[in-house]
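Same chain, two partners: chain A is paired with chain B first, then with chain C.
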Partner chain A sequence: MEALLLKNFLRSKGLMTGLLILFVAGLISLNIGKHFLDKNKEIIEKTAHYQQESIAKNVEFHPKEIGLLLYYVRFGLVNDMPNLVGLAIGQRDINPSLQSVTIRNLEEQKYATDLMNPMYQMLGNMDFSFVLIYFFPLIIIAFCFNLISEEKEEGTWSLVLSQSRNPLKMLRIKILIRFVSVLLVLVLLLMIAKFYLAIPFNAAFLAFILTAILYVGFWFALAWLVASFHKNSSQNALILLLSWVTLTIVVPAGINALTVNLYPVPEAFSTVLESRDGYHNKWDEPKEPTVAKFHQHYPQFSQFKHPEGKDYSWLWYYAMQQMGDDEAAKEALAFKEKLKKRNAFSSTAGMFFPSIHTQLSLNALSLSDMDNYMNFIEKLENFHEQKRLYFYPKIFTEAAVSDENWKKFGLEFYQEQPSINWVKMLLPLLIISILCMFCAKLKFGKDLMAR
Partner chain B sequence: MLQAKNLTKTYGEQTALNSLNLTINEGEIFALLGQNGAGKTTTINCFLGFIQPSGGSASINGVSVAENALETKKYLAYIPETVMLYPNLSGIENLEFFSSLAGFSYGKDELSSFLSKAGLQNTAHNQRVGGYSKGMRQKVGIAIAIAKKAKALLLDEPTSGLDPKASNEFSEILRELAQNGTAVLMATHDIFRAKEVANRIGIMKEGNLVSVIDAKDISANELEKLYLQTV
Partner chain C sequence: MRFTMKLMRINILKLISKQVWGSKIKNSSTLWLIGIFNILLLFSLISGFRNLSQQQETVEHYSHEVRERWENRPDKHPHRMAHYGYVAFRNRFPLSFFDFGMDSYVGNAVFLEAHKQNTVNFSEASLSNGLLRFGEISAGMILQLLLPLLIFFWGFDLVAREREHGTLRILLTQGVSWQELILGKSLGLFALALSIFVPSVIIGFILLIFNEFTSENPQSYLRLVFLIISYLAYFFILSVLAILVSAKAKSSKSALTSLIGFWLFFTLMLPKVSQVVGQNLFPSPSKIEFDTTVEQELIKQGDSHNPNDPHYKALKDSLLTAYKVDSTHKLPFNYSGYVMREGEKLSAETYKKHQAELVETYQKQQNVVRFTAFLNPYMAIKNLSMALSGTDYSAYNDFQNQAEDFRYHLAQTMNELQIKYIGNKVKTSADKKAIISSKNWKNLPDFHHKFLNLEMVLKNEIISIISLILWTLGLIFLVKYSIKNLKAF
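Let's turn to the complex of A and B:
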């Protein structure tokens, strides 16, 4: 029976075409991912080169004043991108994976991004996670919506019922064949991805694969549940497509709207204002209070004073820049806290909806999620602070530019390890799927013999 | 053997089947005649377990269908009015598939001999069913029923769509099955076929079994007259 059901499946042109289209869409998504990784690599290589070149030029142009030189010099920090990002680009296309900053005030520089084609940001990328989350379910729906109803509508069901003492077994094999065929395409694509995108086979990739398999499994469980209702093909298709629209479009948009309403961030705007006022206004104010505040922040630099009666000094200039950050610090912290709350809320709410949960999980594994970006920003703050602490004394003592070995300032890298919480990642998908199958079992038990 | 005791089926106010009492013994062929809507198919569907009776019982081999629908599947074979098969599989594959559903695993030669016995030409055995005519599909349906070696055979207008020669061959097959002890219940519109093949003939009207006649006691013409008077 199994062999013949498989034969029947393989001989169906429609189903085979579906698998082929799915496979091709997957290949296209892998290519998009490859392109994204290559572009990022290129940006990093070029920046590494131009950072050295630009420092050398600036040293040449401003050989006398280290304070002036450091006005210009930029230091780059890379948010290292695992190749898994090629499968789930996530926020990496909006948030830059490389930030170059001067030691001037940081707040203004944090959100300065590359020039981007806004079209890409509007449409998003058709990466593998998109194909998995949006396209795989559609194929699964097309494969399963008429699992029983085609038998009823084509007239074979009555003969099946009269012959078989266990028609459920046949249906199980039917859906299993479909499940395995979709799984084969999924695994094949991931294997191609492994080599094409040079993804190391580590815990993150394994978790990625398992999450993808469970997500596909969930849609089959849902299709199995809908089949157990014994509705006709058009009703089944309607129920499944409505589920698709709800799970992949309506609920994510709804949760997003809810998050924005629950945790509004007026701080985003006020941080910018505070930061700007924090230093711009200092030009019109007496210099001493600014320097005094700076000394409060960094007592270790108390011995450096603003020369009395002078209009300008590098100490005052960098103290003024520092105020841009210091006066916005409270708002910036509140902003971060809000973003963390938003994140926590959507990841909790997402657990009940496989599409959201899968997207968030895949992005977390690929380090392309909001958490990674916020960690990177924190790292950038440290990086920036280290550079300040290193250069402040040199600026204040007017150290000679030539005494510094400028060649040592290459790109620095922030490398995060994804934290994999296996239970939190896999259990929600598993529970929902099992629930679907359990309800289906109850339903099938009741009505299976009805023609 | 097939037995109906006060078998009743109502849909709301309408009575599709009214207290049917009928016993078909091993080796007996019983033909049910009647207009569309007289209750013939309802009777068959009650034996198949496709519909739940509102009252009374249908039993096969002494086992109640309503209570043990899966158990009774073992004893029965069924040929619907229009046999529908999987168009992507060949005739022999369809037969193999439906036989395996019933728990049989036959070799290719056996399967082929069932199809030949049912009258399907050898050249068609390995062709996809998508290209079959209705009569050819019907023959595969017959082969499926033969291969199941069931104690009871339920037929719903099995010869509609068959040409006279095929119909005749079909009668032969039915007689042979009956000789081997199968109880056959056949709903049909074909009075002459009923007279020729059946041992007993029942005429139904509006859910009631109005009369039961021994086929040997009546000629085809008399049967037609009786049928027309009854309905």
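Let's turn to the complex of A and C:
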């Protein structure tokens, strides 16, 4: 019987077309991912080049005062992009993966965005995660909506019932063949991706594959549950399609709307205002308090004083810049906390919905999620602070520009290791799938008893 | 055949459409679906409206604060004020709760200062995790994306099933023409769609009245009227399409499969693929490339800080000759203010030129998507609805331009003040003679973000409008003339 069912499946034009559509859509998505990775690489290479060029030019223009020179010089930090991003672009097309900053106040610089066509962001990428989350379920629905009803409607179901002691076994094989065929396409695509996008085979990729497989498994479990209701084909199709619309469109958008309403972020605006006043107002105020506050922040620089009676000194200038960050620190922290709250809320709510959970997990594994960006920003703050600590003494002692080896300031890279919480990542998908299968088993069991 | 193509009889159309309505509405699942959709729409309208009011309040609050802080700055050197600058916030259009469009993907606040064009930051998308990318739930999204699915679901079997049951032949032999049948069924389907659309429009209208900013923008009402007309056209197109597919399909099952296939292809695949194509056809620069190009061009024009720079040396020499003095200190106005005015003018022009090129590239990219509207009515309504709700790219671009104009005006006003009031002999901006009264700050008008007028909006979306009209006329034409090869059994 197994061989017969397999033959039947292989001969079905509709089913083969379905697999082919998945495969082609998958290939297109891989190409889009590849393009994204290439573009990012190009931006980094160009920026590395521009940075060297721009530093050299500035050194040439401002050879006398290192304080003035550092007003202009920018240092770039790259949020390193693993090739896995080619499969799940996530927020990487919204948040810049590279920031160039001067040692002046960071608050005015760190939220700068890249140039992007907003239409592009609105319509979104057709990356692999999109194909997986939207297209795979549809094909699975098309494969499974008439698992039993087809036999009933064609009159073969009574034949099955009369000839087989265990009709459930035939159905199981039928759905298993479909499951395996879809899995084959999925694994094939991921293998092609491995070589085409040069993805290293590591824990993150393994977790990515497992999550994808479990997501596909969930949809088969759901289809199995719906089949156990013994409804007719069009009712099955309706139930499954409605589940698809609910899970991939309505619920995610609903949770997002809820997040936005529950956690508005006015802190974004107040941070800007505080930082702007923190710095700019100091120009009109007496210099001593500003310098004193600076000394309080950095006791190690207490020996450097603002020359009395002078209208200007670099110490005073950078102290003012420092105040731009220091006085906005409270707001900036509140801003960060708010974003964390938003993030925590939506990912917790998302655990109950396989589509959301899968998307967020894949993004996390690819380091294209909100957490990665927040970590990057923290790293950027750190990076900026290091540059300050390195240059402050040189500025205050008026070190010669020529004493510094400016060539050594190339781009720096932040490489995050994805922290994989296997249980939290895989368990929600497993539980929901098992729940579906369990309910189906109860339902099928009842029907067989009734017979 | 030619003689039966007389005017369609209104009473027959009424009869058929009423029959469609009646047969569907007695089904409890239809009532459920209508109920669910209405609740969904109500929820999204109200949550969109709440979010809009919250945003408007925040923007209003911080705009006042920016103004207050600006006016309360003490007496100082005007160039310090030019650096203190302004923060401009993007206002939301009162109708934007209806269709969020690109609102979440474009920035909301921009810091405006002399010499420098900053990016507009803090888009909703930058404050969100990946969830936003599933799409947002707004009335616009439900009506554009989900309601068509429902129309197809209600319509796929309206003709096909009659054929399968043999009742189609009876109808046709009773003297009902194919045109009357198709149009009548389409109208019945259209009426079902209205049961979802009309309540949402009424609620939308009430909410619009309640928004405190609507009275400042009375064009919102007119925009709503255009929005209603566009959506009516869209639902009519989809209803006729569903019935035509149902009439042409071999079976009701194949009608459903093709309709869902169309829906997937046109709403999910095509928009994404066409935007990727648009991006590849018209590549746009990254921020770093853009900045470097502008910077390099500015360096070529001259460095206002370098006294030996040819451009500024020529300027200086011509001034000295004109005023018959031998040093800039003896000029009757502030020389460095004069130079800064010149520098600001040049850099702003250069930036503007490149920004215009960038916007043009973006528009070319968007046009690739926009032109698919001739194949894809979904894209037509999406763009048109977004534009009428004030959440499209041109609305954002208009804000960017207004902010840049304001920035330029601010910088130049401060330069003028410096030229006029500050002596040439002051050494630093802290010098007593370099300080002017804070009354001058109040004279700078506040930043007011104004919205595009309706005429501009319609002009921008002319492609979408034409496409909707062509679709409507084309389908009517199709109903009239291409039914010869339809089968009654």
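The definition used in the following text is that the second predicted complex is superposed on the first by the 447 of 451 C-alpha atoms of A that agree within 3 Å, B and C clash if a C-alpha of one lies under 4 Å from a C-alpha of the other, contacts with A are read in each partner's own complex, and residues count from 1 in each chain.
Definition applied: a residue touches a chain if its C-beta (ideal position, glycine included) is under 8 Å from a C-beta of that chain, and two chains touch if they have at least 3 such contacts.
Since we're looking at a predicted model, the values are computed, not measured.
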*chain B versus chain C on the shared chain A, clash or fit?*
fit
*Using the touch definition from the top, say if A:Arg11 reaches chain B (first), chain C (second), both or neither.*
first
*Rounded to a multiple of 10, tell me what angle the C-alpha centres of chain B and chain C make at the one for chain A, in degrees.*
90
*Where does A:Ala198 make contact in the superposed view: on chain B (first), on chain C (second), on both, or on neither?*
neither
*Is A:Ala400 in contact with chain B, with chain C, with both, or with neither (first, second, both, neither)?*
neither
_After the superposition on A, what does A:Val24 contact: first (chain B), second (chain C), both or neither?_
neither
*asked:* Contacts for A:Ala237 in the overlay, against chain B (first) and chain C (second): which applies, first, second, both or neither?
replied: second
*asked:* Quick check for you: in the superposed arrangement, does A:Leu206 touch first (chain B), second (chain C), both or neither?
replied: neither
*asked:* Once the two complexes are aligned on chain A, which partner has more residues of chain A within touching range, chain B or chain C?
replied: C
*Report for A:Ser270: first if it touches chain B alone, second if chain C alone, otherwise both or neither.*
second
*Quote the smallest CA-to-CA distance from chain B to chain C in the superposed model, rounded to whole Å.*
16
*Could you please specify the touching residues of chain A with respect to chain C in the complex?*
25, 28, 32, 35, 43, 46-47, 50, 54, 61, 90-91, 94-96, 98, 100, 108, 111-115, 117-126, 130, 134, 138, 233-234, 237-238, 241, 245, 248-250, 252-261, 264-266, 268-270, 272-273, 276-277, 280-281, 283-284, 311-312, 339, 342-343, 346-347, 350, 355-356, 359-360, 363, 368-371
*If you look only at chain C, which of its residues touch chain A in the complex?*
40, 43-44, 47-48, 50-51, 54, 58, 61-62, 65-66, 69, 73-74, 76, 80, 83-85, 87, 89, 101-102, 104-109, 111, 118-137, 141, 145-146, 149, 153, 253, 256, 260, 264, 268-269, 271-273, 275-276, 279-280, 284-290, 292, 303, 358, 362, 365-366, 369, 393, 396, 427-431
*So in the complex, which bits of chain A are touching chain B?*
1, 4-5, 7-8, 11-12, 154-156, 158-167, 170, 449-451
_Per the contact definition, I'd like the list of chain B residues that touch chain A in the complex._
45, 48-51, 69-71, 73-74, 76-78, 80, 82-86, 88-89, 93, 96-103, 141, 144, 148, 154
